[in-house]
Amino acid sequence: VTAGVSVGVLGASGYAGAEVLRICAGHPGLEVAHAGGDKNAGAPVSALYPHLAQAYPDLVFEPEIPAGLDLVFLALPHGLSGQLIADLDAGVVIDLAADFRHDESFAYGLVELFRDEIAVATRVAVPGCYVTAAVLAMAPLLKEELAEPEGIVVDAYSGVTGAGSEPKAGTMFASVAESMTAYGLLDHRHTPEMESALTRHVGRPVELLFTPHLAPANRGILATCYLRPTGGESTEDLLGFMASHYKAEPFVEVSERIPVTKNTLGSNSVHLTVRRDPRTGWIIVISALDNLVKGAAGQAVQCANLVLGLEETTGLTTTGVYP
Amino acid sequence: VTAGVSVGVLGASGYAGAEVLRICAGHPGLEVAHAGGDKNAGAPVSALYPHLAQAYPDLVFEPEIPAGLDLVFLALPHGLSGQLIADLDAGVVIDLAADFRHDESFAYGLVELFRDEIAVATRVAVPGCYVTAAVLAMAPLLKEELAEPEGIVVDAYSGVTGAGSEPKAGTMFASVAESMTAYGLLDHRHTPEMESALTRHVGRPVELLFTPHLAPANRGILATCYLRPTGGESTEDLLGFMASHYKAEPFVEVSERIPVTKNTLGSNSVHLTVRRDPRTGWIIVISALDNLVKGAAGQAVQCANLVLGLEETTGLTTTGVYP
Amino acid sequence: VTAGVSVGVLGASGYAGAEVLRICAGHPGLEVAHAGGDKNAGAPVSALYPHLAQAYPDLVFEPEIPAGLDLVFLALPHGLSGQLIADLDAGVVIDLAADFRHDESFAYGLVELFRDEIAVATRVAVPGCYVTAAVLAMAPLLKEELAEPEGIVVDAYSGVTGAGSEPKAGTMFASVAESMTAYGLLDHRHTPEMESALTRHVGRPVELLFTPHLAPANRGILATCYLRPTGGESTEDLLGFMASHYKAEPFVEVSERIPVTKNTLGSNSVHLTVRRDPRTGWIIVISALDNLVKGAAGQAVQCANLVLGLEETTGLTTTGVYP
Amino acid sequence: VTAGVSVGVLGASGYAGAEVLRICAGHPGLEVAHAGGDKNAGAPVSALYPHLAQAYPDLVFEPEIPAGLDLVFLALPHGLSGQLIADLDAGVVIDLAADFRHDESFAYGLVELFRDEIAVATRVAVPGCYVTAAVLAMAPLLKEELAEPEGIVVDAYSGVTGAGSEPKAGTMFASVAESMTAYGLLDHRHTPEMESALTRHVGRPVELLFTPHLAPANRGILATCYLRPTGGESTEDLLGFMASHYKAEPFVEVSERIPVTKNTLGSNSVHLTVRRDPRTGWIIVISALDNLVKGAAGQAVQCANLVLGLEETTGLTTTGVYP
């Protein structure tokens, strides 16, 4: 595999699709040949996204997908990938939506857990942003049986871009700025995805309650996960275990420092810490990531690198844009 | 008791003290005669707080507390109230700091739980902002034994004014904007205060794990509380119980709507909702309030109204400044 | 005129209309009898605006305007007031839209300039938010011929609520947060309104260039106005002149302090300062206000108070909610 | 010159210094060998800046500057560069402070205007952020004598990082969020720097009034510049002239689109537009950039690339992190 892999991005007018374009602009091995966007068909990408104007001066949103692309990223609203997959003529397909996350013909694109499967796949379904944050936080503890697979609470806050680019009352500046709230109580679609990814990885049923919240920020997910311990490991033990477990991972940072979403802005990294409360017994794991990068487009490119046989970190950074 | 109660505000240069001044400006029965502020002594209040310039054109920060004030609000950093209380010559003292919250010579100023004690007191210690949010959310369920007094998780986010007005690296705009993080893991000072207030009200030991977080907002606390149920009450049952319990309270709003901190901005109200997850069993109670009003200055004025025999709602509003 | 004036608010589902409701909730002489809102007809006001839930527990958006209201506030999108005015049966009409701002059958509701006309009117057209900020900043200097009526530049920034409550791509959190931009270059509709209000007040043609900008804030307008001087007045002279000119105005604060929009949040005040640059000659006047209060709903209530013969400041505050 | 240029960053604990580190982390030809930071001496860079933890796992703030570095970036508070320059043993010095901006032994690092001088220099003084925004906006028009060199108004807003990393009352989140204000009226230090850079480039005296403002954003400068025309060029003429003038510049984007600071976040680009108001005659030029990149660290690296004979764009991007 060499530079010159021809890439199509469907749903390029959405935030995740635009983020795929941004990352591809700095990626030496991927060359964007097509930007799909029905509603904006015919308009230059730069008109909707001036931050991409210099990288893609001539790219125009097109309604028709050309045949024979080497790689297609699907960044469409949930439900659309499933409709067009049958007609899609592309060597590699990386889907960012939920459509194929439970489909066995797709590898599940959570690289740190399923790297080997992804590397040999040509179809990958990238997990959701909350799922990536929560599963990377808890998987090692559950796999190693240091925490109970039941009674888990995942309390997480997301920046607004997680809600998509379609104008809605709930995502207007005046609704969000200076505000905090919860949503999707009890039945958020990411709950079964978290449980199923963990269950599959751990090998026994994992049950949890997930409460998503909205914070007045563009990007970022902070997941605070509460688990019951199985044994007597201290904070020090758990920090050592997690650091050791993720030592070789280029995009996971384990530290005693409490993660701060802002440090991950624009980077593909997850920042993690863990504590054991000696008083109440609870284990707390906290993770932070950029929902559009490690939670979407960056993870998709990480998967693409694996599938294409490129260095896994190509075109991705661990360095956030701070402050 | 009539209009013309002379009021001193110590620590008026801090956010909570300035908020007491703001509320007093619209209160027909309280007349500010003294604004204390050592560091700013000699400066007009309007120089530090131009939003108060028209309400208090001639008020100046003074280092010395005059004798004989009818009422003093103490809005000082924790630890200072205890040092000066012995020399304080004032009919009524309302302390916003932690110094006397565990002192039996002070009534505990969480009005909805301890109204009768406050009404006959002349010394009141107002609870912390997180404590008010969490305790009002959980007290009815625990008192009625609808939830277990152990295994509780309180996951809460606060706006930045909760960290005080002293410039610090962690409260700069560039540290906070576009960011989410946790702090005070395991040992935040509000944890024992929550437990002790609940234990005292409920009559049996309550144990919980509290995790405070910082959100990029000026004001607001959103507390998401997780409790194990004792019985089989549904969401509908719990909403009915909470609504009925708080029906007569002027500053508690129970609704099926998920609370949003922004709706409480500048108001003295707490917004509450509750859910029962039929799948995992957890009860979730969510509360929202303005940390500087119901979480500090507004609650202090509510206590003062009770002590002075005024209508409890005088000078306070239930209407947030939205959006 | 007494308490019990029955009030209708048309367009109550928009931000300005909701702000009229908020102010009326604390106004002892106005009683809201009707909230109009076609799109939300049948829904409780509290469902759309939970910050008003306790103030108006039973108020429902209604499509039909009842006859015989004492006072109607029109907070409709521009163009609609003109369509329904003929059929409107109400003693007093205060319009917040642009429809009648150039209509001689309406008083122009910029109180500080046209108080006497408003006091005897029953129809008032309240000026736009930018116009209020810029005109109050410049009118005294132009009237007194201290500045040239030509070559003026008004460079102003507004918070997002000025763009209305309808979801649009440009007012989403992700479009606005962390961003600054200009809009409406050269031909913003407020330009002729500024010129005409100033021309009428000053008595000779005033010409200016106005550039509106969008800032990542909910509320607030900061207008920085540049004028050429006619004479040699210094900063000190100009500050003295402005302070003296506005001395009796309850809602104008002149100070050497540079205005900060945040200090006016929720208040009906305008904060002003002025400078003379000895080097380039320019006079700079800076004004700050809350676009939904002094820039819309508060000014409307101020006009209503005048029309009804109430104290002009009734139900309004000069104290911002800071920080 | 090859990869392996050893780099020292003095003042690496400040925002501009940290941004130099961030950019160097992705630069193939610069290798950071030293991070200076007196106050934080001995602490790991990752402790203060976790966003750099993976890029520089072992880098520690050091008080002493090693001898023999190939290149030193000075990102110190104004005044310190001047003190240490005599003792500085480094092949190339790029200063981000004001100390040498008027010193003839330093090239003035505004690349688009003084590229040839920079390319042959070993000492470069990088201009301030406001200066870069305003000068790039106006220089072509003034040089070509399309606009008068007097009577100019520059009205600009900056994000908060421009005020530095030292905690101050005015840069706290609670002071800035939801707020707009002006500062440095009449005498901001960037005024003479703008005038002198323009005067030198244009070859005749340029005089302007500059008013800086603070916006609630982390990064970004939006400069709105008002000039009097010399002739009758229309908006179309001026857009064509500017586009043509900057056509070959990799980091200047001229468009009819109104610049938006957010589109430049993390990129080294300046976005520009221009208008001619047919009514009042004014020419308006608007520019947007990231104050820490094109306004500081990015421009410094752009200069370093020139001095070192590297491709000018190495390690820099034109693609903003949006949204």
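For reference, chains read A, B, C and D in written order, and residue numbers begin at 1 within each chain.
The rule is short, and it goes like this: contacts are C-beta pairs under 8 Å (C-beta built on N, C-alpha and C of every residue); 3 or more make two chains touch, one makes a residue touch a chain.
Source: prediction; values computed, not measured.
Enquirer: Shared touching chains for subunit A and subunit B?
Expert: Both-contact set = C, D.
Enquirer: Counting C-beta pairs in contact, which chain pair has more, A-C or A-D?
Expert: Most C-beta pairs in contact, of the two: A-D.
Enquirer: Centre to centre, by mean C-alpha position, how many angstrom separate subunit A and subunit C?
Expert: 44
Enquirer: Take the average of all CA coordinates in subunit C, do the same for subunit D, and state the distance between these two points in whole angstrom.
Expert: One centre to the other, that is 38 Å.
Enquirer: Report the inter-centroid distance (CA atoms only) between subunit A and subunit D in whole Å.
Expert: Comparing mean C-alpha positions, subunit D is 33 Å from subunit A.
Enquirer: For subunit C, jot down the residues that touch at least 2 other chains.
Expert: Residues 15, 161, 174-175, 177-178, 216-219, 260, 262, 265, 323.
Enquirer: For a test of understanding, state which residues of subunit D touch subunit C in their complex under the given definition.
Expert: Those in contact with subunit C are residues 150-151, 153, 155, 157, 159, 174-175, 177-183, 185-186, 207-209, 211, 213, 215-220, 222, 224, 226, 258-262, 265, 275, 277-280, 282, 284, 286, 288, 323.
Enquirer: Using the touch definition up top, name the residues of subunit A that touch subunit D in the complex.
Expert: 15, 18, 22, 25-26, 47, 49-55, 161, 177-178, 218-219, 250, 253, 255, 257, 260, 262-267, 269, 271, 317-323
Enquirer: Can you list the subunit A residues touching subunit C in their complex?
Expert: 15, 160-161, 165, 167-169, 171-178, 216-218
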